[in-house]
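Labels run A, B, C and D following the written order; every chain starts at residue 1.
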Amino acid sequence: MTEVLFALFIFMLAAFLGFELISKVPPTLHTPLMSGSNAISGITLIGSLIAAGSEENPLAIILATLAVALAMINVVGGFLVTDRMLKMFRRK
Amino acid sequence: MTEVLFALFIFMLAAFLGFELISKVPPTLHTPLMSGSNAISGITLIGSLIAAGSEENPLAIILATLAVALAMINVVGGFLVTDRMLKMFRRK
Amino acid sequence: MRESLIQVAYLVASALFIIAIKLLNSPRTARLGNGLGALGMVLGAVATLFHQAIGRYEWIVLGVAAGGALGTWMALRVQMTAMPQMVALLNGFGGGASALVGLGEALQKLPHGDPPPAWLLTVGLSILIGTATLSGSLIAAGKLHEVLTGRPIVLPGHHYQTAFWLIVNVGLMLWAIIAPTPLPLWLLTASSLLLGVWMVLPVGGADMPVIVAFLNSLSGLAAAATGFVLQNYLLIIAGTLVGASGFILTTIMSKAMNRSLWSVLFEAVGGQVSAASAEGRTVRQTSAEDLALMLSYAQSVVIVPGYGMAVSQAQHAVKKLLDALQKKGVDVRFAIHPVAGRMPGHMNVLLAEADVPYDLMWEMERINPDFPQVDVALVIGANDVVNPAAKTDRSSPLYGMPILEVEKARTVVVLKRSMNPGFAGVENELFYKPNTYMLFGDAKKSLEAITQALTES
Amino acid sequence: MRESLIQVAYLVASALFIIAIKLLNSPRTARLGNGLGALGMVLGAVATLFHQAIGRYEWIVLGVAAGGALGTWMALRVQMTAMPQMVALLNGFGGGASALVGLGEALQKLPHGDPPPAWLLTVGLSILIGTATLSGSLIAAGKLHEVLTGRPIVLPGHHYQTAFWLIVNVGLMLWAIIAPTPLPLWLLTASSLLLGVWMVLPVGGADMPVIVAFLNSLSGLAAAATGFVLQNYLLIIAGTLVGASGFILTTIMSKAMNRSLWSVLFEAVGGQVSAASAEGRTVRQTSAEDLALMLSYAQSVVIVPGYGMAVSQAQHAVKKLLDALQKKGVDVRFAIHPVAGRMPGHMNVLLAEADVPYDLMWEMERINPDFPQVDVALVIGANDVVNPAAKTDRSSPLYGMPILEVEKARTVVVLKRSMNPGFAGVENELFYKPNTYMLFGDAKKSLEAITQALTES
């Protein structure tokens, strides 16, 4: 219970911080923001890595490996495509 | 050790959040910001309350009671004086 | 000690993510920011590999290789115009992964003792949000890619069915908390899949971007919920940042479209391609040659791109026209409406792809006061974002949406294929104004013709 | 359960503090923000009273009553002009309380087993920062209240001594970590007291505000360190927010004064009241009556208040002049330099006290371009902030500091008592310019005379 509570402090701080940070992003960058932040949400990868490396039961292993693969698509695809977009932004 | 580490996550988030929030405060309000934030730093009051209510040894009790008093001056004085100042700010 | 070092790596990774998002607030630093985000991800992942629970690496290698290859392939071959569906897909995969991790962790822990209810609640949320994000995103991507119809798909009693599935999900979560066994969790996974589908099916094509941003927010929250399950602060921080980001984008878009998230989700709009009512009224047409002449004598030209530019992939043709006009000494700017195209910042990305400098792209509030001094406003495949009904016609679904006030320019030229309406499905009075000329045809072809006429003259 | 409820209260209190600081970003919401901050504090304190470790309440009641009464008394009777020393004192008390809590917790825990080194480090930091904040703040308040001299007090080999005490402190912290006994902690307390004194003594009066902001930051960090000691997230969050706030204010002020924090701390400046060198050069003087006439014919008047307005408590007289001028239809604005007075926002608070609306107070960057159109710039007890040497004279200690460009106004009138310099101790060429008139005398008296002449005419 208190563990969840401590985690709620983190959640609250990150939420306030997220609002402050994102509200400063100009519309020009909203698409890269979307794909870039989306890549960050692939952080769930680290949870799936532990699962894929530690589960015993075959079904659990399959689920975990699938999770690793999905998260990797999200991460790699997200960062790469964002970079592709941002590379194109240039000043006069 | 890991307890301190978990607390460092909180520290890091609060530091980033503090910078984002404070950098939006206009110069007009810098004095109230200073006295108001100063009142907030009197939060150490809650640590002193526990100490004053639980210590056994006389020296420790005296120290803790002193801490309560100092923190209360900071808190009460800070919020009141800030309110006095802010009450005066008005539009045309 | 090892655990401490891993936590330190997570701490640094969290800070990198925060800095990454901070740097995304300017085009000059955004690429660095994205790189730092990727660095944070690598740091977090590599540190995790040293976790003592990890006993073997074969499945990890398999998953990483498969996912990494697929992700790279997708990222490198996707067209810039297909960005909305790409983001939708990625959101879905992220959400799915979060749900799988949450489910897996619960299946593993349940046999060993009674977990606390608060923890089970976070497991339920992780599965619910993650799975609904997965299925909802797949539907959204299908609609955006036109594999599914862009029209709202509304089944009989649709909203009651959605509400039903929501209630079922809440019930299953309660069941899992009261009697922690795998069964309710599996059922929850299945019914959350349905909930995601039901939620997105009735949303029309025009509202899709709002849904994509909303799913973006959900995919972040799913990661955060999984972070609660694993007591992993890095997951909570990163997930929550993304949750906030998606939420803000959703709000900005809803506002710019003059809708609420509620109405987007539950009041199907858009896609109803109500063939234009020509009603015998006539519009003035122009030709590429006449237009080229007009442009070459203009001092100030503002180009207003819209969804049509994306459809016809005309961004490179636009850039060529820009070059030709600049060579003739014409001052050319771009006016970007916040919801032009099909996702926020869509036009900016396309124009950036074609090498248009970003300081030529003006935001709506900044350029609107200038229109009366503009000689030619060149509208390329935009429709709703320049529809004056938004300001004047209380009965229009667009009423109240802020628009680009092109009608104030000395001359307006609209490039589109027909008199068909835009995605809101409403008529546009702009086309009938005395200072408006239409140039019908595919935007890319029209633009090429104009540029050719310009350079030949 | 009880522990959980207390943590929930702390969570809400943290959120209230964050919202409080967020609301401080506009004068309209600032008061509400301060109130929410106070609410958060009450919530945190009341929840703490239910902590199971608390066995008796008599000492708590004593401390709360004594501190509460003293705090109320101080807050209600302090003059607005004495705000800098008030804030300094409060900072000191906060820091002292944090140190006492850290020390007390350590003394209580040490006999029961070996605490981990990381924890002992946080104890040491809490004592070091808190105690140095206390003693430093007392010195700063003494200087600001002119109980101590405002001049830099530099003992022989001062900086070596400061460095020495810093090294001693680090050594004592290491000792406490290696051999956790009360002795090194007590010694650390004592030597940190000295460090704070040594640090602030050599800082001159003009630099004092920077020091107050710096001590503000330290008092926050002390609370955060104590939070690490107690593993209390509310303390860490609130303390860190304050630490960031003080740090940003320090940076802003240093920049506005064109100094670095390092030079403020270690390169004594200011207070050297080098009697002005009249050198036979003459200035034009004016009288209250002439000035009243000049003002009544002006269209646009800008009032530039400085430290002298605070010294002579002239803010209410300024307001009366404002009213009289506005009655005559003169457009009056205030130009506020970021470091006018003795603390950031000092002038704003004083003028607000006298009921001057805050939308008349213009920031430097905003008003500087307007000075060429200003008929009369009325400088009231300001000096350094209008010294053109900051722009032209590379040898001046003010060189590079942005100033209010009053010399560009059609006429400048300066109200001060003598030709004495301001706190940077440098001559001001402005006073000798052909369009500058001096009106010598106490600012309040001069203003009253002007207003009287205005209303009688």
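Structure notes:
Here is the rule we use: contacts are C-beta pairs under 8 Å (C-beta built on N, C-alpha and C of every residue); 3 or more make two chains touch, one makes a residue touch a chain.
Predicted model, so just to flag it, every value in this text is computed and none were measured.
More contacting C-beta pairs link the chains of B-D than the other of the two pairs A-D and B-D. Between chain A and chain B the centroid-to-centroid distance comes to 34 Å (mean Cα coordinates, whole Å). Rounded to whole angstrom, the centroid-to-centroid distance between chain A and chain D, based on C-alpha atoms, equals 42 Å.
For this pair, chain B with chain D, the centres built from the Cα atoms lie 16 Å apart. Here the spacing of chain C and chain D, counted between their Cα centres, is 47 Å. Within chain B, residues 1, 6, 9-10, 13-14, 16-17, 21 each touch two or more of the remaining chains.
Multi-chain contact residues, meaning those touching two or more other chains, occur in chain D at positions 18, 233, 237.
Chain pairs recorded as touching, per the definition above, are A-B, A-C, A-D, B-C, B-D. On chain D, the positions that touch chain A within their shared complex are 3-4, 7-8, 11, 14-15, 18, 233, 237.
Residues of chain A touching chain D in their complex: 1-2, 5-6, 8-9, 12-13, 16.
Only residues 1, 3-4, 7, 10-11, 14-15, 17-19, 21-55, 57, 60-61, 63-92 of chain B touch chain D when the two sit together in their complex.
Residues 6, 9-10, 13-14, 16-17, 20-21 of chain A are the ones touching chain B in the complex. The part of chain D that touches chain B in the complex is made up of residues 17-18, 20-22, 24-28, 30-31, 33-35, 37-38, 40-41, 44-45, 48-49, 51, 53-57, 59-60, 62-64, 66-68, 70-72, 74-76, 78, 80, 83, 86-87, 90-91, 93-94, 96-98, 100-101, 103-105, 107-108, 116, 118-119, 122, 212-213, 216, 219-220, 222-224, 226-246, 248-249, 252, 336, 338, 343-346, 348-349, 352-353, 355, 357-361, 363.
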